[in-house]
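In order of appearance the chains are A, B, C and D, and numbering begins at 1 in each one.
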Amino acid sequence: MITAGVDSGTKNTKAALLEDGKKVLATSGVRTGFDFAKSASEAYDQALAHAGLGKGEVAYLTATGFGRYRIPFRDVSVTDITANAKGARLLCPKTTCVLDVGAGNARASRVDEGGKIVNFKSTEKCAAGGGGFLEKIAFYTSIELKDLGDVALRSANPVVMSTVCSVLAESEVINLVTQEVPMEDILMGAHSSVAGRVVLTLKQVGVQPEVTLTGGLVMNAAFVRALEEKLKMGVNSSRELYYAGALGAALLGYRRLMKKSSANGVA
Amino acid sequence: MTGAYFAGVDAGSTYTKAVLLDSDSKPVTTAIDMTGINIVSAIDKVYHAMLAKAGVNEREVGYVVGTGYGRYKVTFGNSQVTEISCHAKGAYTLFPKTRTVLDMGGQDTKAIRINGRGEVVDFSMNDKCAAGTGRFIEGSARALGLTLAEVGDISMRSTKPIKISATCAVFAEMETQEQLAWGNKLEDILYGVHVSIASRSIGLLRRVGIEQEVTFTGGVSLNRGMVKCVEEQLGSKVNTNPMTMFCGAMGAAEFAREKAMVAAREVARP
Amino acid sequence: MQGSLASRFEEASTDSYTTFGLVSKWKQETKGKAVGYFPVYFPEELADSMGILPVSLQGASGGVSLDMATAHTQSFVCSISRSVFQMALQGNLEVFDGLIFSNICDVARNLSGITKRNMAKYVDYIHFPVNNSSSHAAAYLRDEYLRIGEGLANVAGTRLDAEKLRASISLHNEKRRLLRRLAALRRERPEIIPYAEWYSVIRASAVMPASEYASALASYLDEASARTSKSMDKIRVAVIGNFCEQIPVMLMKVIEDAGCYVVNDEALIGNRWLQDVRTEGDDPVLSLAEAYIGNREPLTVRFHPEVDKQEHIEAFVKSLRADGVIFCTPKFCEPALYDYMIYKAPLEKRKTPYLHLEYEESSSSFEHVRTMAETFAESILFD
Amino acid sequence: MPQPAAKLTFKDLDRAKYMQGGMIKEYFDSLTNSRANGTKVAYAFVMANPIELLKSFDFLPLYPEITSLNISYRGGAPPLITLAEEAGYSTDACGYVKMGVAATMPGASTTIGNVPGPDLLLLSYSGCQIYIHWWEQFHYQAGVPIVLLDIPYVRDFEGRVPRHDIRYVTGQLEEVIARLEKASGKRFDENRLKETVRLSAEAWDLWRQCLEMGKLRPTPFDAYFESIYYMAPITFARGSQKCVDFYRFLLEELKSRAEHGVGPTAEERYRLVFEGVPNYPFFKKFWGLFAQHNARSVASTYPKVAGLVDTGAFRLNPDKPLESLAEYMIHAYCNWNMPLRTNLIEKYVRDYKADAVILHSIKSCRSFSMGEGDMREYLAVEKGIPTLLVESDHVDPRYYSEAQMKNRVDAFFETLDLRMGAK
């Protein structure tokens, strides 16, 4: 049985197709525009095309993410925290802590052996810690987003950035550039500062290995390194985990269908 | 005295602005560019672009005053003055009846009260938080894919503003998206954004005490929607014109002119 | 007819955001006086017995712009203190003949002084004892009540009268009894009253004249008990932390829609947390003071040296049969933030799920909290 | 008349600062050794604590506020704040509380050595409500008993204190004595208390005389930045001969400074009154922003948190130790309502002939800061006194931005210059 998950984020919309709650058939991502529904169906169509499947072959579609209520073709919706936790466990079964870091903010959750969320927390509203800040820095420094992390990784003496406010952090970055601090040190400092906020949130829910990172920042090696240094432990961060939310949604859909059919007596 | 011209350079968090005055305090020309990551080169570029536009040689400039966040980066400047004094001076030069100045820039909002000679009597700024500044509008504009010039005008079409409580620039994008997702009209959301920011800056103005006339300066004074909101909440007109964005640089240039005069008098004295 | 009573409470409740039209109407009709008091507690009987209507100032719920308050207060203080101050400055509180503050937190303490400085009106402040185990506390509070009583008597142009006070105490005992009935109904059958409606019923208790409120509440309880709504598969939660600044009504809806029955919260807790006050004895002011001192219900802003807050929270959750606790703390409210630390420890030990949300009375953006609340419900309902 | 041998400089006349440094070090050492030598440690607050009572039962008082202050002065605050925030304390909570609870958490390392845990928590609830919440944190963390003294707020706008307040506090002091007897296993010795109170009274009087040296023009010392050092002994060591000796020395030193015309800045261009808790992580830099303009503080409210010594509001009296202590505790600076505090500042401007007022508002402390905006409004707008309000924090470096602060201070002096020139 094939189920689908669509994760409608503020920046990117991701879709995934899953077979029998186990096998990943396809994933895809597009930029979220103004029309959540349109971006969602684009991402979904792309995933279907990758897998060479038609809409009719998908038994159930679960929506998640910021725009979950704006996807008219969903069967059900769940929150991105639940979906990411499920997705992380699907890809890394020993996961205890899940960190989902997207563009806007970061969410940390801790799950028990059964995969049930026992505690979760999101970064505080004031002091946003997320990928959006890094995007802005990329914009300012005219470095491509995908190269940002690599430049930062060359740093030997990352600067310490103390501001809580990301608006003012931007001007701190500008100040540092003016003081001719090497670009890589500034960038690594910026990555560390986001990682610091994320780790703070994770510590509030309680850190236990294994920690799995999901969301857009798995694409950023410098962020992963900053995170590992701050946590003093390794973090699962394979690229597939970018789609954890969509995959988790698909998995939850699968479970729900199974429950329904067993309730109906159909095995 | 070497030069017949006087320059002010305002290196702000968002834009770097420069103004050239002649010896009668008349603006000769202005120049502006994004400050961006390299403030020193932005300053250099803007200053030289201005001179080129005016066809004035660097040696003809008698005195340069730097202001704004990057005032110490105006390496060729003769002295620095904070942008509070400069905005006051600039507003007074542009509108001599000014007694209260509201300056809204990229990450700072300032309220300044001045006396009949254009001197600062009292001032107040937003606290160490960029909530409620021009950056919020930039964020909303970005979320909506609009230019800065458009947002204000669109907001003016609103008949029924949506209440926006957050004025934190970091959450501007998210809140704007959220309101859109709930099917609210673009102009109503934008108007709500303007209302909420205007009310914060009126609070700052009240701190220093509002005396007529009020002059609105800084980049946000170009935003007609914001001008309207401020006027509505104040219950009176405010002065703005295309030069008010350059007010800080204008004030700096005026300071440059005055300082050069004083220096010249001292030299002239045997 | 269902709902007409509810809408009466809703009207009284929303009227107390910014307009206070019902207060002026009452003053006109009775030629009485009115005082406004800042949360969380005020000995209403004292005012009531002198023909003064005591009204709780619960903030403007986002109904005013804060421009004047911004001129006098920094941005890192809570919204209720700023909106009440704004209302004082811009004239919404003109209908009151006096304002009374008390020692619930540093913000409220200093607010009393700056309000006084900006307002030509009777402004006073009650220091409620926190050393409730001291043998001197009751006598102290009695004297403090007498001092306030004098101020109120000046406002009303009358004198404190023991007989009238006793009568008012009886009336308020009745009101408290009804409020306890409401709480029991909420605990047993949360499905029959929407959260926001329940809230407005409670908020009205701090605005409407006591006798009018008591009779309205009695009828409401009969009407609501007769309702037959289907109980849904939702989790039962207690909301903690909103004892002073009020949760936006929209946020209540978000929490409820996310799959939670809120079976108890702390909104206006100071107005409903007292047990009955003795009516016998010859010093009713002392009785009033003793009821306060003797009360052992914990309240974040009412320290009691002999009450164990951690034991309390466990017993509280159990008595409510709550599946979890949602801490809803006002932004910048330090008392709530510290109690959160005290309360969460035993919850963690007992594996009682909890969630922490922050709000401001003027919040207009709820997507973030919706996701949190939904996840919370999902994490309890599903595995 | 003998001539001074050589011209004394500021450096020669800056000894008191080092003396108090030595006293602090000695005090911290005694705390570190308290466990080993079996001394009982009572946690107490700076504002309005009856240290004299504790001393007469041989309790060693520990002030977490002073511990936090010292740690942040040395730049050690961030790791402790992070530790507390990781445990769940909010960024909006008072930094002192966060540092205080974190300093006793496992895994904490502080820059001032080991901080012993409390045997007793003396809660003088005066001036700051957070005191209650803070002690509750310790109480639930470690199960230590709280001994409470509930001090009513000075709520009358003329500053009058009702009789029942004094009765209530004095009555509680008697109850506290009984509890301290139990906790220490020692009997109360009234004569000892009287002697301690006498020594305190003497130190208070000398300290008042020091503070009033600010009335001289030029002032021989900076009544805000230097007072931070000078106020330490009166806070933690009063009731001892050493403390009396320190203030006697300080008074002499300040007098010689006046005589030799030396002070903390090259000259005295501006006379300022300061209000608010200083910014400890950037203390010297912050001071520099003013010193660079040759501005000196002539009077300030912060050094009065240990006691409003120069207002006549209290006077310790060995013959009436409990009652006079009660009055002392009621008149804590933050226990005064805002109009009283504002009037005091205005009076300082008059009495000390100051040019301007600086309000340093800190985010952590609503007790101090809530209402400073209104103070500014009153002083600047209603009274026309040049007043600058700046915001940062006393321990959390995240709330201090150098560029922004400098901008505001520089601009303020630019305008002050114009106004003073116009005069």
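Convention: a contact is a pair of C-beta atoms (placed from the backbone, for glycine too) under 8 Å apart; a residue touches a chain by one contact, two chains touch by 3 or more.
Quantities reported herein were computed from a predicted structural model and do not represent experimental measurements.
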| item | value |
| --- | --- |
| Chain pair with the higher count of C-beta pairs in contact (C-D, B-C) | C-D |
| Chain B-chain C separation of Cα centroids, rounded to whole Å | 45 |
| Approximate Å spacing (C-alpha centroids) for the pair chain C, chain D | 36 |
| Mean-CA-position distance for chain B and chain A (Å) | 39 |
| Residue numbers of chain D (touch at least two other chains) | 87-88, 90, 373, 377, 391, 399, 401, 403 |
| For chain C, residues that touch 2 or more chains besides their own | 71, 74, 76, 367-368 |
| Junction residues of chain B, two or more chains touched | 69, 127-129, 166, 171, 174, 181, 207 |
| Contact graph of the chains (line, ring, star, complete, other) | complete |
| For the chain A and chain D complex, residues of the former touching the latter | 124, 126-127, 162-164, 168, 175, 200, 203-204 |
| Partner chain A, residues of chain B touching it in the complex | 13, 35-40, 69-70, 73, 107, 128-130, 133, 135, 144-145, 166, 168-171, 173-174, 177, 180-181 |
| Contacting residues of chain C [partner chain A, same complex] | 351, 353, 356, 358, 367-368, 371-372, 374-376, 378-379, 382-383 |
| Complex interface listing, chain C residues touching chain D | 71-74, 76-77, 81, 103-107, 109-114, 116-118, 123-125, 127, 129-131, 133-137, 139-140, 143-144, 147, 301, 303, 305, 309-310, 331-332, 334-335, 337-342, 344-345 |
| Interfacial residue positions of chain D with respect to chain C in the complex | 87-90, 92-94, 97, 125, 128-130, 132-134, 136-137, 140, 146, 148-150, 152-153, 155, 157, 162, 164-165, 167-168, 171-172, 175, 334, 337-342, 361, 363, 365-367, 369-374, 377-378, 391 |
